[in-house]
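Scrolling down, you'll hit the structures one after another.
In the two complexes that follow, chain A is the common piece, with chain B as its partner first and chain C second.
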Partner chain A sequence: MIAVLGLVIGVVVGLFVQPEVPDAVVPYLPIAVVAALDAVFGGVRAMLDGIFNDKVFIVSFLSNVVVAALIVFLGDQLGVGSQLSTGVVVVLGIRIFSNAAAIRRHVFRA
Partner chain B sequence: MSLLTNVMDHSLDEGYAEAAAARGGEHDSRIPRTLRGLLTLGAGLALVGAVVTVGAVNAHKAEPTLAKERDALIHRINDSNGTADHLQKEVQDLRRKVEDTQQQALPSGDAGAAGLTDQVGLGEVTGPGVKLVLEDAAGTGSGGNVDPRAGQGFSNSGRLRDRDLQLVVNGLWGSGAEAVSINGQRLTALSAIRAAGEAVLVDNRPLVPPYNIQAIGDGPKLLSAFENDMAGQYLRLLEEKYGIKSTLSAQKSLTLPAAVGVTLRTAQPVTPEPSPTPTPTPSGGSSTGPGGTPSGGSGTAESPGASVSPSVTRSVPTAKRRPTSGSAKTTTGTGAARP
Partner chain C sequence: MEEEREPAVAEQAVGKTGAEPGKSAGDEAAAKPAGKAVDAPVSEADRESDPDGSEDAAEAAEEAGGTPAAEEPAEKSDATAEPEADSAPQPTLRLTKVTEPAPVAEARAEVKVESKVEPKVGTGAAAKPEPAPAPAAEPEPVSEPEAEPQAAPEPGPTPDRNTGRRRLKAALWPPRLSRGQLVVALLLFSLGLGLAIQVRSTNDHHSQLRGARQEDLVRILDELDSRQQRLQQEKAELEQSLAKLENSSNQAKEAQEQTRKKVTELGVLAGTVKATGPGIVLTVDDPQGQVKADMLLDTLQELRAAGAEAIQINDVRVVVNTYFTDLSAGGVQIDGKKVSQPYRFTVVGNPQDLTPALNIPGGVVRTLESHQARATITQQQKVVVDALVDPKSPQYAKPASK
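Entry: the complex of A and B
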């Protein structure tokens, strides 16, 4: 209940407060979103596996977002930003897909 | 490969398994039971929601900005186009003024030069003639929206090429046309029709299809002569084989503009000089004028109709062969007038 409430609050805050994202951070936002989605899917799968841990979830989410943004930032400084962000998206995408598959197996037993 | 397999196998954060193992039981908890745990989870999910929403909102916000930038660019292009049009008009006005002044400076008795202006393309001409509209075949991406960098080249056979236009224009001259213009650009004896990349150029100015070719001459006679000419048959062939549309019609009255970039090159003083020294032709005024190189290679529309053959005029140091009776001569090319 509290979890769903938290999610709703997050969405509402994002929609209505519309925080000004600093221009320096804007390029890393999409990557951060993908990393956040990866953490969410991982958490849901862990929950269905029965090994969910809130601390692990929070830490993995934060570190995912920060590391993904950092990698892309580093790539930008080295002139390979787009390639590195492609790499990050590929890796995270694979993880999201296999986690989604595991969730599907749990839910539909297929 | 092993890297990809690794990513596939360990899609779940290993922290979960470790934490579960540390707690002892494998399946001890599905969701946190304590209030603190629930609050942490709620806060985490709130953060997730916020990040995803902000990302989405940001992407949406960027859209109007891009559109605005685009609009600003379009506005600038339109502005510049307007300025260019204005300048073009100014150029035309000034050119007319120069021409008038030139005519005044030339000896009034010399009707020859004045009479030639129409034929060499220096003056605006009005009269009956034929109008020929050529259009690329449908579905060739034409109509002014041709992307010159699309890279198809002229491989697409439904498009008109420079040599098609050359052939048609030469056919018109051959059929008795006295003046010809393409898309409002008057052709002189030195005009070049050629291709650069995707575009057909007349005197180095790109043309946009459809090609509107106007020729002054005896309307119906010119029309039938052209149709029976090789060029007319060629056009029919193009229509049959490639779907290139051509519309030929006789017109009661056509007005062709004066050619641009044509300069009076040599003229002589009215008073006869004692020694028949030739007026030196300005060195710059040989073959490369703004009218394009007249050399045949890339295709020149030569005019059998024009009575002044520029190749002859250019090669002759004019004064030697002609009596210095205060005549002036109009030729095409660059150079200066010497009163």
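Entry: the complex of A and C
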């Protein structure tokens, strides 16, 4: 519950406060957000499976974000940034979908 | 079929190694159940009965003394095995196969297990003792690679299916305040923040450029450049066409103006337009009626020669096709119109030219005076020729091409 509240508060704050993001971070923000979404979906699935673990979630969240941003950064350095970020988004999207399917099976039993 | 034969061969081999007399019994035993499972388990189970025992000795003892004893268990196991007689032979045969290369002790152990479990346990599991313990461990290695980043191996969703919603509810309510929850909330807060920022900046065009990659920026710049070029070109074309149109409209206006001017000028000459300007008024007073048409015509010619531009005699406009006629009853007709005395010429032209032209010796004025007529010339800065003629369009004459 507190976690959901945290998400909601984050969205509200982001919408109304409009904090300035440093330029260096801006290109990696979308990818980081997608990676974090993936971690969150995985966490929800784990919770429904009854194997949720705070530590695992935190580590996976942070590592997902960092690795995704790192891949994109590397891609930018190599000159294939857009392709790599597309690839990352595709992979994360597939994972999000499979996690969402598991969640759906738990919640709707279908 | 091959497999069926094999045990028999094995038996024979065993028999050979063992006592001779046992051979027949062994053969019999093998033959009776037609080389079926029953035989092999029995003999091997018996063999097993002595842990380390030398096969040969046991075999010999068994064959020699305890044939009936051996038969009994054989019968028993046969009875138990009979219900699944079809499936039983194969595994056992396989077993015998295995036993050949495998160490004897192991083979025995297997056989023992099998003979006990045979009726209920699947033959496959029994036949492969090594992988048999694996199934218990199997789920773990399988589920581990599947596990999500945060997930420990999941023990199959089936038992949890009904509890999924319950878990969800339990997780959502009542809220539990723990350190882990707080940290997770913090992470989700940052996620929401990032999400909102990204959505905002994506919708905001200016900061969209801010986060763009270099190659994207270059592409955008290129696009803008080419677009600008296109627009410039379009603008130049439009300006050109505007200039052309303005030009043509100017020209048309000019032409119209000129045409109107021409029309007026020509109208003055043709007598369809009133004319005004400096000029003279010549009045010819002829009390005795001596003035004839030819004299008026002479006067007119003189005026024209002196540069008269518009001429009116009394109320008749003098134009290119004006004609003078003498009337038999006296008086003069101009253009079929009778003009009465005094003849009054209103002439637009340069007075300084017209007056001397009339006054030259032997000129119009002298001639008129010699006919007892009186000519009076008055120079005026502004005379008005206001008589008009009806323009007649030519019936036969047409403009010829140049």
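Quick note on the criterion: the second predicted complex is superposed on the first by the 110 of 110 C-alpha atoms of A that agree within 3 Å, B and C clash if a C-alpha of one lies under 4 Å from a C-alpha of the other, contacts with A are read in each partner's own complex, and residues count from 1 in each chain.
By our rule, contacts are C-beta pairs under 8 Å (C-beta built on N, C-alpha and C of every residue); 3 or more make two chains touch, one makes a residue touch a chain.
Computed from a predicted model, the values in this text were never measured in an experiment.
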Following the overlay on chain A, give me a clash-or-fit verdict for chain B and chain C. clash
Just to be sure I read the superposition right, which of the two partners does A:D23 touch: chain B = first, chain C = second, or both, or neither? second
Looking at the overlay, does A:G81 come into contact with chain B only (first), chain C only (second), both, or neither? second
Applying the document's definition of touch, where does A:A102 land relative to chain B and chain C: first, second, both, or neither? both
After superposition on the shared chain, which partner residues are touched by A:V91: those of chain B (first), chain C (second), both, or neither? first
Touched partner set for A:F61, first chain B, second chain C, both or neither: both
Superposed model, chain C segment overlapping chain B, candidates 9-17, 99-107 or 171-179: 171-179
Chain C-contacting residues of chain A that also contact chain B: 2-11, 13-15, 18-19, 21, 26, 29-30, 32-33, 36-37, 39-40, 42, 45-62, 95, 99, 102
Taking the touch rule as given, give the residues of chain A at its contact with chain B in the complex, in rising order. 2-11, 13-15, 18-19, 21, 26, 29-30, 32-33, 36-37, 39-40, 42, 45-62, 65, 91, 94-95, 98-99, 102
Using the touch definition from the top, list the residues of chain A that touch chain C in their complex. 1-15, 18-19, 21, 23, 26-27, 29-30, 32-33, 36-37, 39-40, 42-43, 45-64, 76, 79, 81-82, 95, 99, 102, 105-107, 109
Name, in rising order, each residue of chain B that touches chain A in their complex. 4, 7-8, 11-13, 15-17, 19-20, 26-32, 37-59
For chain C, which residues count as touching chain A in their complex? 148-154, 157, 160-165, 167-168, 171-202, 207, 210-213, 215-216
